[in-house]
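Sending over a structure as structure tokens; questions will come in a sec.
Labels A, B, C and D are assigned to the chains in the order they are written; within every chain, residues are numbered from 1.
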């Protein structure tokens, strides 16, 4: 085992050029994949934070009795996608309005009667906000409930463009998958070229009685070390770029409370682990091919 | 691996074809344990090809070959490395690993056989000293002279204490004195019980030995003295 | 010249493995860059199509004279960001409303009086819709004009999230740049490995009296041919993927009139040309390095 | 390029060091046009190193070298290819391009010099025929026997009609008959006015010639007969 490690590192030292080129290629490949992941992850979070803001306001008819209101509430709660609700009385709503518009107090005091309706504010499950059709259907069912006067939902645009957003997400995943695949092949190609440059050496080892595992193990370990170093370098570069951008942003994106986050330890460990796997896999493919010849 | 039959090397009606061309045609021969034989013939006669068949560098197109009691057409891929450890091969083009030190090139054989680092170091040193090449221990092969490379190739073939040495033109790049050293080492090996087959067209080398001579001509065995 | 081409293609044939590996790497690299470009291009178009939908409605006070209306119009046209406008009289607006809601004709016929105001619909320059602050400021100035009752602008959310959208665009360009750079280095690395595998050959040619240009030209041409073939392959793969996705979409993204377009001939020619350049550049770097040794 | 002085090759107090070690020490010698000289000495004496200095495969550490009237320490990088076209070099390790056919390996010299394809084809065919290697024209060097590779190396060195041939152990892998062919070709070249320097420790080869013999020993010129 110790001997194996010793052989591997002697080998890497003596083929420094090939190793550096491979590590650089892995690092850049991982940079591409992880930059894209970071982009998708944050775009998702941003969307999710907007979605969480989608609430449906159910305006009740005037003069409903307490029992009638309860009946509406029960029926609302039975609807799919409704996760919770809050009752806002017309008085509370007026009060809130006055607080929100302190300049126009005169306007409200002149009112003979409170023009606002009693309201249920419903919280929606993410599934219900994911597509415009679902949202509209839900609103229709809500409007059909006896005792409901009208329905309004904020950030309607998000619902309206949910299809587009979903498409973009789909494209993002497709591209992520594409990039991942491309990167695996690129790294495998690079490993293959380095082994090609050393095929004579491998042949010689075979001729002097080395077993396949004796020959291959250092290459596998090398591939995995290259994967690990390349992966760490790639993620580190991304982290520096992230710090630079977020540093420039200050606190959050202007206009929102959202600050882009970096990949979580689980995520970047996963990427580095994937990189190690790709290193191993590149080796595996290339050695298999070499053996066949 | 030790169910030795009569001969160390035996070939029965062996053919080797490259495309349509027959590089070896109907070769039958036997070399007995502890023999020292020569394989000779003009350039392109098939000497290297014959040796290649013996160490399974190539598969024979037809015929049977036994080496050290093993039938080479029946040996499994997995056993080949173990089989080769009984052979010491000196390649005509040396086949040294250009990116690795002289030390590593020789030690490789022992590392592959699983010996300990301590022992390996001792053996490699000793071997290089016996060839007057100790100073070159950390050098890469491309910085060696032709003859120096050849001596490293010889050292590598002998270090594993094989049973049989197959030597392809082992003194082609050497002056008489250095060649003498190599011949001395091969004779030592032979005296300790080893079997040696030397492919060469160096008539001086052949005259210096006393073994049988197999003469190839255009792929055919024309005389086995 | 003919000889040079002959030498180059003989060379490529005789080093098929190295050439195929290089072309595959170039193709995948180009695929990454062009897929990302396609994504950015379409996201941009989508945004632009939404932005073009941003119109500001200027509701006029009741009973303005023709002259007063003209005065408002003149002042509106002087505002920065206003590129054009259209007058919609209250009668026309009502008529339009009736046409849009044929089911509710009864509702409108019951009206004693037309409740709608006369309106100017202003078209905005893209610059004016690019940031929320600009849009708000413009609306304030419009509201301050004498004779203007109220201002409304559709797709307010787009203005509100303009900062986020701009940030995403910035990230997109940064990532595009990053990917481009990564891809250049990856391709250069690959070319370098193939030349490394052939360094002996180059040295031998030098020893038998070949000039540098005799040795290098076929490599340069090869690099450019590899770049071209890889670039074409990468763009072709992307095109197939595009056809597949758009075929699945049918006519346009549901909920919008927008159909993602493919890269224009100028764009993909540019990418392929870039790929050729990268092939050349990889060669240049590697040969320079080889010569130094 | 044609302002020929007295000697074809001239070395004045030339040194070549690798690290601390002197591979060549204070070498002075002159070879005159149309001479056929031998360079001999034991393995590692510096024969290959001396030839390397002559074709600018390495730079001398000290001293002056004139080849074909050119001062090698003053030649510009750009002129080196043109200078080398006056030399035909047979390398000890052949230096054939493994991935290219025999034809291309030889034609390369003429292509580099800008000759037409028609002429190149004719010349290469003719040269291979004179060495009895015409059948191998489309083969890759690794499929050739050692001696066949050596003959291709010789063919490549002669095809460009150089003024000087530098041959490093040109018959090391050859049987007597094939070696005789090579020696014959070298002598032809000499008879047509060429200058030849052969590095070898093959005493039979040296005896077959009649030229002067430079003897190297551990980097020093010990005798110039």
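Structure notes:
Methods note: contacts are C-beta pairs under 8 Å (C-beta built on N, C-alpha and C of every residue); 3 or more make two chains touch, one makes a residue touch a chain.
Because the structure is a prediction, the values reported are computed rather than measured.
Common neighbours of chain A and chain B, by the contact definition above: there are none. Put simply, the chain farthest from chain C by mean CA position is B.
Averaged Cα coordinates give chain A a centre that lies 67 Å from the centre of chain D.
A straight line joining the Cα centres of chain B and chain D is 30 Å long.
A separation of 23 Å divides the Cα centre of chain A from that of chain C. For chain D, the set of residues touching two or more other chains is empty.
Contact with two or more other chains is made by no residue of chain A. If each chain is drawn as a node and touching chains are joined, the picture is one closed loop, every chain linked to exactly two others.
Every pair of chains meeting the contact definition is listed here: A-B, A-C, B-D, C-D. Here chain D touches chain C in the complex through residues 55, 57, 81-82, 84-85, 87, 89, 91, 95-101, 104, 108-109, 111-113, 117, 156, 160, going by the rule given at the top.
Residues 3, 6-7, 10, 14-15, 198, 200-201, 204-212, 214 of chain A are the ones touching chain B in the complex. On the side of chain A, the complex with chain C involves touching residues 17-18, 21, 24-25, 28-29, 31-32, 35-36, 39, 43, 46, 132, 155, 157-158, 160-164, 167-168, 171-172, 174-175, 178-179, 182-183, 185-186, 189-190, 192-194, 196-197, 241, 245, 249, 253-256, 258.
Interface residues of chain B facing chain D in the complex, by the touch rule stated above, are 18, 41-44, 47-49, 92-93, 143, 145-148, 150-151, 168-169, 172-178, 201, 203.
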